[in-house]
């Protein structure tokens, strides 16, 4: 259950409106790697977590904090939207190309749909989707996703940092950059804990009924090169030790097919595919 | 530029049709973490990579291999779809509840739309989306995403392994499990290389004009707990050394607001929000 | 800013698993009219509200409560998913058609993707979308939307009530039905308050430069009938007083065109539309 | 069955092209609250209506009229698109920032995809979705949705009114404002009729097996406050009579949990969640 | 402008309910190639058509007829949905696997969301999208799309024909098959007319500033083979005359690159891509 | 299985950056009719093709070539994105309205999300969707779709040709125009081959149990006019010979209903539709 206080976690006061930046700021609110994503991803991972204790508690703690970041950015966006020019003609009144650029670079739905408010969409106005989050039930796999989510998020906020000179906006961006910086460390530390506690190693436990001598087993340790770049095998993903404790060595091979050229059966004639039944290949 | 050989990378021959499993197999073809995603994600990351050499070459190598996995699964699905019952009535003819379960558990578009073929959708028939891939230009952030993509993919294939007893299907799943196992190691190794070569550390370079003594700087090293689970601070994300080489210590604090309760300005009266202009608050 | 307690607002304990009902329960979690929608809709309306005081406070209060309902349903769904049959063959082992029906009626992603957990999708597995919410800045218009959201939600929960006999599930449904019942009343009361306080009447203030005698003015008070049902004019939307205080009477007319048959100009030849430039009509 | 006359219901003739306004006008054509939505929503409600007579007849009458509004706006948009600059360079030829603003503020698909025509998308080019409409089978719930649809639509048209000075465009907007004004009254009147005729009251009939003395019954009449705004209980949704004829009073309580802290069972080991089976909690 | 009569264009009366078939029937209502698509595609092409006369008139005629097909199928679906089992338990009461199959094969939203009615989604419940239609302004290109739309639609209806034995349903399917049969002929005839009248030939007029002797010119007449199937050049797309009146011959070549291996410039350092600025390649 | 060479099929070198054109170029990469669509459509049609030989071989050949076009356009877009202004303020520094137009007309995600790279979206940033492709199993229907795909694609590239003066960009566009020109001929030739070889004629074989004298049979040869344009019957789709070899004549009729006004049964009372059970109409 949740409680809310109207005080913000951090200030969100721009020095001046900037509707074009408001459009861009939407990316880290409602974009694929925005605050809506991390808030919901951590909360759903927490709700679905079947292991009581520190991982579940931490997921709920951070997911709840991210809701405060959603609130923070919404507040900032509403303040950035004041005074937007409503038409190209209005934008050109002062002859200043910056105003024309602002008009062209802003999101019309910020005026027509929300009347000067934030909404859960990205910087092109595309709605946030539940498909942006994953809660797989496997913490090792999910914590790698969480680490990249913080990295992608921090990268985007850092790019936004270079898109404004407004001191008030930069104050808030600094705070978001700091939180992402902690959180990317946190998920990497949590992965170390999972491994140290024997709860998970590389997903998934490797026991799928494979003869240890079979080519399929080998395929678990081979870089298969299907392009012609001459440096593709020059990294530590070749000729180094496997990370799974098997003692095997990662190796390099060129891509080659081991399967046949497939011939499909003719199909149910009631589905009217080509060919007609009497011309069908022998399956 | 690409070339194609009709021979498959590995065999894709089920012993018997199973339209309900064909629906489920779609998840690792056209779902968020399926082969369409990894193929396109690695190719786009390669095309956008601005650093020539081993990383770009490796991305193109693996992205191209993943296209062969798309092909492999399509072939398998087409073969699994033969002989599907077309109606509930037909499914019940033999009085076998397994046939009823197959009918109920299959995807109607496999008959109505594709006439017995695979298509780029997930196990609920939802189309693959370009939003499933990310190519950010930052290899460190993206390789963490690639690692989780292989982990999520391997997890899903392992779950599918437990949903069929068909020997031919299990052969192909074994091959896919092996490739995912190599690839998850590969991305983790590539992250190590990036760090060893000084190309990237935790994204993004931390230089955003912050006074080293300010509370904002502290926020980059704090676990802020907004839930009441009593184990949330019991992991190595608290009271350990920061991962960024700063020499700072990660610490624990309870969530508290530092911002005001926000009061928004009244807004442009031409947008007809509530309140009416004469009852608007003082901004 | 938000805080979280791990105790649930209400119990969420089914007496027995039921994966087919778990699929259906997703509708009121991640469907268009589910808890994700009302939680986010009220929170965004609150964050964007430019009138401090009771309306904004109430929006934040209810939006935060709805997050607890999201949590409640997620917990219930995870518990309903235990013991699901993983294949049609497994479902048919006991010869019980109910098990075959459960397999056919369940969502494969509950096993393959979430490993036995809830996620923000509807009963067909379609992701929740940010487009499901509206925060227009106009409270009168939005509160009518909120009222219908509670009505649609209550209707769906009532239908779910008839899809299960599980006492534990019914306990939770009863609680949700009760909350929806209060909330639908609340929004209707809030509309009355807005009108009583003169903050809003029928949106939007009617002052758009129309000659009071013009046919356009008349069009604001006419039922225009474009179908041939003979009862269409038999309701109180005809021959009654207008609701806008204008003193006018609502009237009935048959649909007729007042505009011309349009002829479009030929278009820019650089866009290669039909017709070719030399055969273009005179605009 | 439908018939069509090529004459428009009202004129749609701009005085001059304005591609940036054409992009904005798309919102009320193919946006969530645009004419595509109301036309289809009313038609589907009519087709699904199981009560013959005035409600069904009226739904078909209005749904058919809204198709004429779709046509009207399409015609206007095609005319607004003539003469659009095709590149930034072309837009800057005259040194007029208004032309630069028009280029930046227009939708590139209006040239590349439609060659100067309207299409069913919103002002950001996002396609209209069948998910925008609801036809629930319950007229009381649906008519509240229809009322808000007219209100949101009128609000958006009124905002567009302030985004243009073109007399021809304003003529058409005036007509649309008038029709929305009638229609919002119509749905409110129809709700009154439903209630007066005893066909529906607050959805859904309140008979869900609840002991009249239970706390669950109380929850149907309580404002539960989960935020800290001090005015949240100052509206008529507290300490007034319930709207359901029960004679009960609506009351105010602070949010508190009544459920346990949930502990989920360990889950099917074949789904490879965390924790591993031997470390699973006792359910 | 449109008018509506409540009489259906054709009867839509099933002999008995069949909720699993109702789900499947949705494909030709709200799927990519369903009646919603053809109705809207033809209407938008008509509204955007800049050539007055027979093509525009015909588009409006057929688009309006297709609205009657939408209505027809909606009516049928509502009638097919009666008496659906609401739970797996209810479905199994009679021990008949056909009832279990019907439950598993039906769409839960037909009960939870629409209360027994049709809605604009496909057979998996995915909403109809405005992206399904194209109105490009070029009639030659669009009429080929319209021809395939009728073919795909007829193919799907023919497949549905084999999924039911209900005489009433088959009556309606027969009518739809007949209309699709006429319409596919109609679009093919209209393409012949466009060509005969010199209004369009192969889109787009071939005049893009190409030296007649250049390799680029050759590329307009070459089959470039990038796979290893040995029959790829055995069709009339090789060694036959070009269809564009140029007098050239279509020829066969193997795929080969003519471009360089691309090296991208380092990018703006403010976007924090890899590599860091000091390690960037020379552009 | 696929192989890749890093050399491009054709050069992709702009003379100068142009971020606004880069946004527009995305349409033919990730839009509905872009290279992602044709590449995947042909590959899936090939993989699903149940007739070995020239058609399947040709589909694989062309699908693989189209992947090279995806690569080509990605490379071009990355090069066009260099040096983009990051803010309206930066765009206005030089007082040049062209720079303001470029800022307004560019895609913010090209900076924030991809850091200067291409991604699978259209010119409005909407992600590519698996729903854009069709592989129906019926080659006749699908080859008409493929023909229109090349026509729509060529039309869009031709429009882009008029949106830039950059010689390097025009070189690449010329190559794409040439390839589309060959491919549209190829699909038309392949349709001729299918018909000549008796593999398919108008889809689907016309044998649906219709009495040759029935009105339903007539409906397969009638233009039914539902609009009032006076030229609708003036094309060769009326009073000409049917294309199906039946020897019948296509004729013209005015639209009239042959079905009843439908009355739906009252519905399951457990779904709480209107009307209440005791006021339900007689079915």
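Letters A, B, C, D, E and F mark the chains as written, and numbering starts fresh at 1 in each.
Keep this in mind: a contact is a pair of C-beta atoms (placed from the backbone, for glycine too) under 8 Å apart; a residue touches a chain by one contact, two chains touch by 3 or more.
These numbers come from a predicted model, not from an experiment.
Considering the contact criterion stated above, the chains in touch with chain C and with chain F alike are A, B, D, E.
Shared residue numbers account for over half of those found at the interface formed by chain A and chain C, and the copies are therefore classed as meeting with the same residues.
Centroids built from CA atoms put chain D at 29 Å from chain A. Chain A and chain E have CA centres that are 32 Å apart. Centroids of chain C and chain D (each the mean of its C-alpha atoms) stand 8 Å apart. Under the contact definition stated at the top, the residues of chain A that touch 2 or more other chains are 1-9, 32-33, 48, 50, 55, 57, 60-61, 63-65, 68, 75, 78, 86, 96-97, 100-101, 103-105, 111, 113, 115-116, 124, 126-127, 129, 131, 134, 136-138, 140, 155, 158-159, 162, 203-204, 226-227, 229, 255, 257, 264-265, 267, 270-273. Per the touch definition, chain F reaches chain B in the complex via residues 1-9, 30, 36, 40, 43-44, 47-48, 50, 57, 60-61, 63-65, 67-68, 70-71, 74-75, 78, 113-121, 127-131, 133-138. Those residues of chain F that touch chain D in the complex are listed here as 18, 20-21, 23-24, 27, 31-33, 96-98, 100-105, 122-124, 126, 155-156, 159-160, 162-165, 226-229, 255, 257, 263-267, 271-276, 279-281. Those residues of chain C lying in contact with chain F across their complex are 155, 158-159, 162, 270-272. Put simply, chain D touches chain C in their complex at residues 5-12, 32-33, 53-58, 60-65, 68, 72, 75, 78-79, 82-84, 86, 111, 115-116, 126, 129, 131-132, 134, 136, 138, 140-142, 144-145, 147-148, 151-152, 154-155, 158, 161, 170-171, 173-175, 177-179, 181-182, 184-186, 188-190, 192-193, 196, 202-204, 206, 208-210, 216-227, 229-237, 240, 242-244, 250, 255, 257-262, 264-265, 267-268, 270-273.
Taken in their complex, chain F has these residues touching chain A: 1-6, 48-52, 55, 86-89, 91-92, 95-97, 99-101, 103-109, 111-113, 115, 124-127, 136-140, 194, 199-200, 203-205.
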